[in-house]
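Before we start, here is the structure in question, set down as structure tokens.
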């Protein structure tokens, strides 16, 4: 009866594994290399990574929530809100940069906290909670700013998303955003190896087991929402820095982040997948957009290509992992 | 072999789950009007076999022949259409739908294209009537019924199919005595109508009362098929466990091994329990017996803070405590090994190591030495796996259970609540767990053990408390007999 | 076994109807205090028109949600169907029937695609329908830079603008569709099976329900409802409008109406009547705020709060009901 | 079904080259608008919102009514800074008219055609003396506006148009052809001949924006420059920056940038700056952030405008109509262009970056606080 199976390979093709997303990334890189070799040269690669940092961060934040078995549809509106709030609070005064950054982080955590508590304590499905939060945030920020962003971002605020270390050997310019991304990615990966991370995944896979093993499921999930709120805030700071104030800053990013997470092999419903996968998923999506540009895919058709690729990727891995 | 043309003929049926062989080349016949019982230990593969016959699982090998034709059912629907009905061991009911809707799910009566609700109600009432269950209302949502009545609905649901072969997988598990009698009558009536019955039960008395033939399964293989008249209970048990039972259980505690009272429940009451009194000492294994649904699990879960007592008193070492969550109970040194391993025992996609560490991580204990300690424990309980990084779902049930045990042992609990710790576990693993439970008691832990497996309960316990209808029915000393336990459990004892 | 009291429980009035009544009463009062009138003919007509569009989509959405699925592609399906309808009609009354037929056929195709992805290919409904939505978006964005085609005048005059008293024809269409859906859920096998699949797919399967087929059908019906909404909008707008679905936020709003109406997002519980009430609730909030000239952004905030609060109330009730589920 | 079945131009899908002309392009209108660029306005020189270009006057005696009046406004949306500034200007104008207006009802359609149709219908039941409409989409709002005309009250349409002449008047500045032409003309003249132009548009399907692009197309085709891309930015600066960045990647250099709206002009400029490339000739709009960057970075730039002061005119027109005075119909307002020469006079460091210089609001009650 008892069978000793051989040790599976670390990168085995299994649901939640990294192999599919790495393969996809490799294919896209290859296609880029064929069409636009100089894109892979350090300077442009650096700038690409820098500008992709916000969506990758959002994917990481969304990962925490999704792996715990929930959804966060409010991140896009949170990004918008944060950018608009930052502009109004800073009001182009460089001296206010750091205090405002602190305020934003607290605000982001707070939004996450509210999402988390409503979901876990009031038992409102997170799809509904965060949909409601999305409406509330968009409405509130327009209301507060009277319909048009006011004030302005300071140069020091903008530098996170816009500037970088100049004249780095080999790489040329290394965007600050990339550094922020790497730091956050490292923290996220460490976090997922920590007690918290492991229990988070356990909660997503089987909340009953977790609860009966002493995990405070509601607390763990709430923290995941807080992390998502924080990630959205950092993304907002980078995005606001990159492109300045606008009400469009976060539009649609929630769907982008969720898509990226799923592409990265993370199961909606929780309990499966790696944060690195989620971030690679976002990188892959961004690369896909760049690629479509290089191949001159007309802007309007890009969503079709995107949709087709997502469906294909997810369908292939879904059908492959289901035994009867 | 029966001489009549078989209604159902299984030949060489096999099935594996995730690479684990659960059924191996099973042959089985049922003739019309025959009651064919299938017995075997927990996890022997009985339910799996029943699901194959009823289209719920596809077999990996072998043939299923029904009413003279080979069949390969694509799903339960096919089997139903062929004339096979099943009463599942676990409830297959939709809590939000009414009794009538559940009974007719999948084959609602239609008139002019529309579901005929009146017919559905009438027919449901008739069915309930025919099994003497007029009291069960046909038009309330199932969630408003108790477990026993849900079981009745499950039976009615199977009967509604007018099947030629009816499978009953532990149909009496949740039934009271007089209800069992009604079921007997029903079975006999069906038999007279020429319907074949496959009857799975752990209650050997029932099997001897009803069955024409008995098939014994063990570890997924058919050990034997005998005429009821030609066998005895002892012989069956030997076939089931494959050895004599007497040497099987570890030695009990001697009276002077028992330490002070660790835990007391006085008048423990909640939605499921009515004034439970209980005392648990260090160094002993207290067995908790009773029929399914009698409230055994409810006691353990109340102590562990899952569904806490709403009234009464719980004391630990003479100090009254309120344990409102599993976490609080864990902090107080209590561990609970659930009966529902799949649903609330394991985290299927996480590794063996993650599973073993889950509780330690949750309460943040022993951070420094935790990894080493858990590995030691996994070795000590003899988990067999490809490595600690293997996902737990690829382990056999017994090995999963050992990992869950390691999880709790890592916390060094002083009080252990074991709810069906050997359910679905093979014989070898079973004895490992038995030894372990006994060793824990010997080392001074207080152990409460729930088991539906009477021999196990009798073999392991230093005392046995028997539950009935959410209350304590009585207490028996070590050395009690099965009859004594059952008498208390069903309420026929003085 | 202690006897449970099974005496007839009064059927609860679903919360959404109370909320609707309350909103209308409070709205009427506040507007009246403000010197206006909430139930004047024009306002009522507008309210019912808004409700008709959203309602048609939401009824379809209810079906998939009841079955435990979700459709995020409806907004694009709506846009697409306005175009198919208006371009096929091309202003000619004679072409109404073929155009409606073609539109519904196209929608059914999209629904089929959704259904196949969700059931056969086992793609999570969220991603599947999001992906299909993207496919359609690409087609719409690249094919159209603005309104196209022209709806047959006959249809504009009837479905688009005609009314009986204060009740627009389109609202009657909604009533009819909702009625059919309600009837189908309550009285057909399909309905019973759909709710079963949403309640517990494994139980449904073991009971002999063809779960795949049922859910697939629900997806087709959902797209068809979106198609009807599209045809209505085309009659309202007089032409096909490639962005009307997304501008109207019909995807998220329809889901919001469904959950406000008391249908569980996880499936298996709820119904179309609640959804229609949910739609009317949203529409009356709109109407009241319109009358009071409340800022659109403030309205948005209120909507968010209403959605969360409504579902929180349902969740509380269920908690109290506390059916213990293994 | 990869090809759209009927033939809307697909200019969005055109990729490199400008492809076939938009279906929105009407030669006669184009010629008329370009002619208007040089026309001399009638009316008070210091109040361009009251001026009219080549006006044809319309009798309104039938609408004459005793005041004060209830004016109703169905607004397409308030979803961008241009509309915000405009609406504030309109509110200030209402305030400035004081006792002449008893009530001003504003309903926001939130960018939804369907809602605006309902809104208009709703307003018809609210005893308005005049109805002002800024339609969300030209074609789809036409039936609703026609219905409003039939209701008998004076209807004034402004900003975006409708496909009917039933309203008393349609007010807007010269329009999209003029805007698009001025920008494209400038960009193609200042860049190297045959160079690469990137055209950035915010969204499709709105006539005032479509005409901008179709006029630009004519100019570019005539100048024989290489339009390497026509992209929609959704008015999103981040998306704009990424698009420009990608085009810089792909083509190495871009020699000119044309935009159909100024909202994301700064983002486009920054994309060049951040890539360490010189900013090529570019056009923006009269948004202050762009004017500031233009000044600070010494850009080669121009800013055709679609002045927000046009939001004052509908109020003025409605009151005149209710007085029975003649009004211009259509009412074409002047549409100034900001150039290097007059740039300084439009810069205003005290106003927020997303404010529009052509608001014509400095004389209105509440200035500048209302706009901050």
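A, B, C and D label the chains in the order they appear, each numbered from 1.
Please note the rule applied: contacts are C-beta pairs under 8 Å (C-beta built on N, C-alpha and C of every residue); 3 or more make two chains touch, one makes a residue touch a chain.
In UniProt terms the chains read A = Autoinducer 2 import system permease protein LsrD; B = Ribose transport system ATP-binding protein; C = Ribose transport system permease protein.
Predicted model, so just to flag it, every value in this text is computed and none were measured.
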item	value
Contacts common to subunit B and subunit C (chain labels)	A
Least hop count linking subunit B to subunit D through chains in contact	2
Chain of greatest Cα-centre distance to subunit C	B
Where subunit A and subunit B are represented by their mean Cα positions, the distance between them in whole Å	44
Mean-CA-position distance for subunit D and subunit C (Å)	35
Distance between the centres, which are taken as Cα means, of subunit C and subunit A, whole angstrom	30
Per-residue overlap in subunit B, given as positions that touch at least 2 other chains	343
Subunit A, residues touching no fewer than two other chains	147, 298-301
Touching two or more other chains - residues of subunit D	12-13, 78, 232
Touching pairs - complete list by chain label	A-B, A-C, A-D, B-C, C-D
Contact footprint of subunit A on subunit B as seen in their complex	18-21, 58, 219, 304, 306, 325-327, 330, 336, 338, 343-350, 354, 357-359, 361-364, 384, 386-387, 389-390, 394, 396, 399, 407, 426
Footprint of subunit B on subunit A - complex, ascending	1-8, 16, 195, 198-199, 201-202, 205-206, 208-216, 271-272, 323-324
Subunit A-facing residues of subunit C, complex	117, 121-124, 126-128, 130-135, 137-139, 141-143, 252, 255-256, 259, 265-266, 295-305, 307-308, 311-312, 315-316, 318-319
Of subunit C, residues touching subunit D in the complex	36, 40-43, 45-47, 49-50, 53, 87, 139, 141-149, 156, 160-161, 233, 236-239, 241-244, 247-248, 286-287, 290, 293, 295-296
Subunit C contact footprint on subunit B (complex, rising order)	54, 56, 75-77, 79-81, 86, 88, 90, 92-97, 101, 105-108, 110, 113-115, 117, 137, 140, 143-146, 148-149, 157, 176, 307, 340, 343, 469-470
